[in-house]
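Note that subunit A is present in both complexes that follow, paired respectively with subunit B and with subunit C.
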Partner chain A sequence: MAWFKEATYPAILATIVGFVILFSFFYPGTFLDQVSSKLVNWATVMICVIVWVGVINVVRSAVREVKERVPGRWYVALIQLFLMAVMFISGFGEGKNSTAPGAPTVINWLFNNYFYYGALGSMALVGIWAVTAAYRAFRVRSAETFLFFIGAFFVLLRNAPIGGVIWTGFPIIGDWIMNTPFMAMQRGLTVGLGIAIVAYALRYYLGREKAAYGG
Partner chain B sequence: MKKVKTIRKKCEGATMLVHYQSLILLLGIFLMVGYGLYQTHIRGKIPHIRRIAALEAIDEAIGRAMETGKKVHCGLTHVEIFGAYAIQSLASFALASYWARKAAEYGVPAIYTTDTIPSYPIYEGLIRDAYVSAGKLEDFNDPHKVQIRVMTGPYDLAVAGVLQRENVGAGLISGEVGRYVLQFGEAHRVADAFSIIGMPIIDKLEWSVATFDYVFMLSETYAAGAWITKDKTQLGHIIGSDIATWVAIILFIAFFVVANILGSPLTFLGR
Partner chain C sequence: MVSELIRNLGRIPRRVIYTLTVIIIALPLLIPWNLPVSVEPMTKTFFDTIQSLEGTGKRILLLCCIMPEFWGEARHEYFAVVQHIFLLRDVKLIIGPIAGPPTVGLIHQLLFEVHNPLNKTYGVDYVVLPLIPAMEPALGALARDFRACYKTDERGTPIDELPIMKGVNTLDDFAIVIWGEPIKMSIMAARILYPQHPKVTYLVLCNTEGWTFVAPYVGPGMPYKSALWGIRPAAEYQLLYGGPYTEAVQYMDCLSGYHVLIIILIILGNVAAIAATKKREGQ
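Moving on to the complex of A and B:
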């Protein structure tokens, strides 16, 4: 099976599949489109398998850290394994509809009462960082940052209800900034980015960009 | 114009071809990339590509972490392996691969994280390959040297925890970062870590420039692979995409002028 490990063969496969899916977009309802739908369905099934590979790798790595008592990490790995086991058992034990909204199941209870609020709480903690980052971003250090500050000042006051109360010109200037210079910049960058993406995709289809499979 | 409309009708009727304007544009870009390949392969013309500051900063970042005895971190966020963000993800994988190879060469302990479970096997595979190509497979197998983690939930907070808890000296974040870019930037600043970000999408680009030390800006992310390998085919693609960009700029200006003189001559293009 050494041939399969060569990066060339996955590249050839990716090239064929890539072109089929790409051109099926232009020919809906044809044989090409049907083949493309099948390939996309296969990819969905493969992703389900890949998730398992990911789970196995995570478990293997966590078990190794616990066994080797890696300083500062083994107890985190132990908690990770415990929580994975709890979610796994509760999810599988209660069947495929256990995660349906409102279902009175353990996994739903854990998700809604533990994970959801924990995640919200932690998001609130990092919210303050957005403020400090904005403060750093708005420090005027050069002509460019001055322009950035001016633009952001008007756009912030355009979005904040108090802006229009202070002066009716803030929403008008903010709208102009968003609809004229910002839109022009955005469209220019989007076109350039689109071209770069197409060229990159072609490079990938031709098998020259092998980073994703270790080339 | 009449002739163009007739061709359009024939195309739609005969082959069920739709989005033909997109197909014409796509084939046009392919043609220009083909010309770029002709330049590098047949004529042997190797183009000069301006240095990508963020790419060169990777060496500096990892080198500095090594000197200060700190670890390095590489995080990939929203790296979907198929769907709308697949191409962006591939570009992020290329950056991660380069980062891993440099970390392996310098022998710096490295932490690799992602919040996308399906991409984990690819991520682990490319990190392994990077360590193998650097001749450091034993480092890859050593949990003190390499950690690879999947961290779902609030990934930005998880990264912040890793940066502070693990004494990280340099970090790379790439993927569809979106509105979390501020949190990632601040997490690096709070941990006093050198920060680099790969921005393969346009969303929140301005924030990344304001908060990170170095940024792979949009097409730079896609050109990085060519810059790293100096491969003739990849460089040919860069020439092609540059030509396509210039054509787009010329068309923009031409359409702007024509539209202001003749009204709207773009009925054919804008369905």
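Moving on to the complex of A and C:
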């Protein structure tokens, strides 16, 4: 398998697969289309396997941190391993229907009361930080930042019902900002991104982009 | 004295701002302001598109990838849409979780909490398909051969035994496909699903952060006919169907207070900065 470690061969394989999928769009219902469908299904199956690779990597990394007593991290890794084990055991132990809506199972309880609120809480902090960030960083120092502030002012008041209560013009101006200058900018960005993807794909197919294979 | 006070406005301690934020968000929950919420045309289009299926027996496919951290905002859209579908006679809902494993748990939470007034039956009126833990390849596979992607539902019942799935072979067999993802993967769905099945009506659910990415793909002549993009459109939607679930409408006052607080703090910070600059220039 030494030959496979070299970046060239995986790159050739990926290029062939890429071309098969690309050209199958132009020839629907043909043999090429069937091959392409199979390849896409394989990719989905492979991603299912990759999830397990991720789990193994996380466990290996956490076990190493615990073994080496990495300062400030080993106990976090220990908690992580414990929680992973609990979720894993409860999920597998309670069977296929353990996550059915409202099922009184350990995994449902853990998901709804621990995992869900933990993730939600971490995201909610962003809302609090955004206020201090706006207060400390949003300084009008030039014409551009003034325009930025005006835009933010109208869009903030457009999105909140209080804007329309204060003055009916706020939602109208806010809508115009979102539908005209913002949309023009966003479409330009999207078109630019599309061209960049084509350029990247071309580099990939020509074997100039080997980072994905460690080349 | 006054100029000193103005300059101090630029040095409000962080703890005071945090406390103010919490108060301004909590206050409308205790004492509702009941500010009127107007309905945007986009939300109305979304509502009308789903409402038009009443009594037709047609199917809606809800493909979604949800992450718990975004569920706080996204849940209102999902609750509103699923609640609306459950309020309609003879409209079938097929839910297909994609990519993120937590999506399954959140879908279960949704189905458990949403009010089911017409006692819709699992397998006949709605069904949850198994998770496909992939994004782009999964969408590609679904677009090419929907039936090949699913052999059973998430409970292990063979697809062929489910009355709701009779006659479903491709995406074209759905009247509406609703794609739900909080941030920017909606672009991917527009790019992969729409070109291969352009006759299907596509709608999108995303968070406010995701709207900047999704907006160019929504509207007449675009892949998505309409979108719900956060708590405000969710509240509008809840007002439209007038169902039992109105949590987002209650949060609208919190949103108003929060946005006004941000604007006031920005203005205060800038007034203080201008005062400080003038003092420096005077010296």
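One rule holds in what follows: the second predicted complex is superposed on the first by the 205 of 215 C-alpha atoms of A that agree within 3 Å, B and C clash if a C-alpha of one lies under 4 Å from a C-alpha of the other, contacts with A are read in each partner's own complex, and residues count from 1 in each chain.
Keep this in mind: a contact is a pair of C-beta atoms (placed from the backbone, for glycine too) under 8 Å apart; a residue touches a chain by one contact, two chains touch by 3 or more.
Just so we're clear, the structure is a prediction, and the values are computed from it rather than from any experiment.
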| item | value |
| --- | --- |
| First, second, both or neither for A:63, with subunit B first and subunit C second | neither |
| Partner chain(s) touched by A:150 [first = subunit B, second = subunit C, both, neither] | neither |
| Touched partner set for A:186, first subunit B, second subunit C, both or neither | both |
| Touching partner for A:41 - first (subunit B), second (subunit C), both, neither | second |
| Which superposed partner A:83 touches (first subunit B, second subunit C, both, neither) | neither |
| A:134 touches, of subunit B and subunit C: first, second, both or neither? | both |
| Partner chain(s) touched by A:13 [first = subunit B, second = subunit C, both, neither] | neither |
| Which of subunit B and subunit C A:165 touches, first, second, both or neither | second |
| Intersection of the subunit A residues that touch subunit B with those that touch subunit C | 25, 40, 43, 47, 51, 115, 118-119, 122-123, 130, 132, 134, 136, 186, 190 |
| List of subunit C residues in touch with subunit A within their complex | 12, 14, 17-18, 20-22, 35-38, 67-72, 101-102, 104-106, 108-109, 111-112, 132-134, 137-138, 140-141, 144-145, 148-149, 155-156, 187, 195, 208, 212-213, 215-216, 230, 232, 252-253, 255-263, 265-266, 268-270, 273 |
| Subunit B-facing residues of subunit A, complex | 25-30, 40, 43, 47, 50-51, 53-55, 57-58, 61, 64-65, 68, 70, 72-73, 115, 118-119, 122-123, 125-126, 129-130, 132-134, 136-137, 145, 148, 186, 188-193, 195-204, 206, 208-209, 211-214 |
| Subunit A - residues contacting subunit C, complex | 21, 25, 33, 36-37, 40-41, 43-44, 47-48, 51, 96-97, 99-102, 108, 111-112, 115-116, 118-120, 122-124, 127-128, 130-132, 134-136, 138-140, 149, 152-153, 156-157, 159-165, 171, 178, 182-183, 186-187, 190 |
| Footprint of subunit A on subunit B - complex, ascending | 15-20, 22-23, 26, 29-30, 33, 81-82, 87-88, 90-91, 93-94, 97-98, 117-118, 120-122, 124-126, 128-130, 143-144, 147-150, 153-154, 156-157, 160, 165-166, 182-183, 185-187, 189-190, 201-202, 205-207, 210-211, 218-219, 222-223, 225-226, 231, 233-234, 237-238, 240-241, 244-245, 248, 252 |
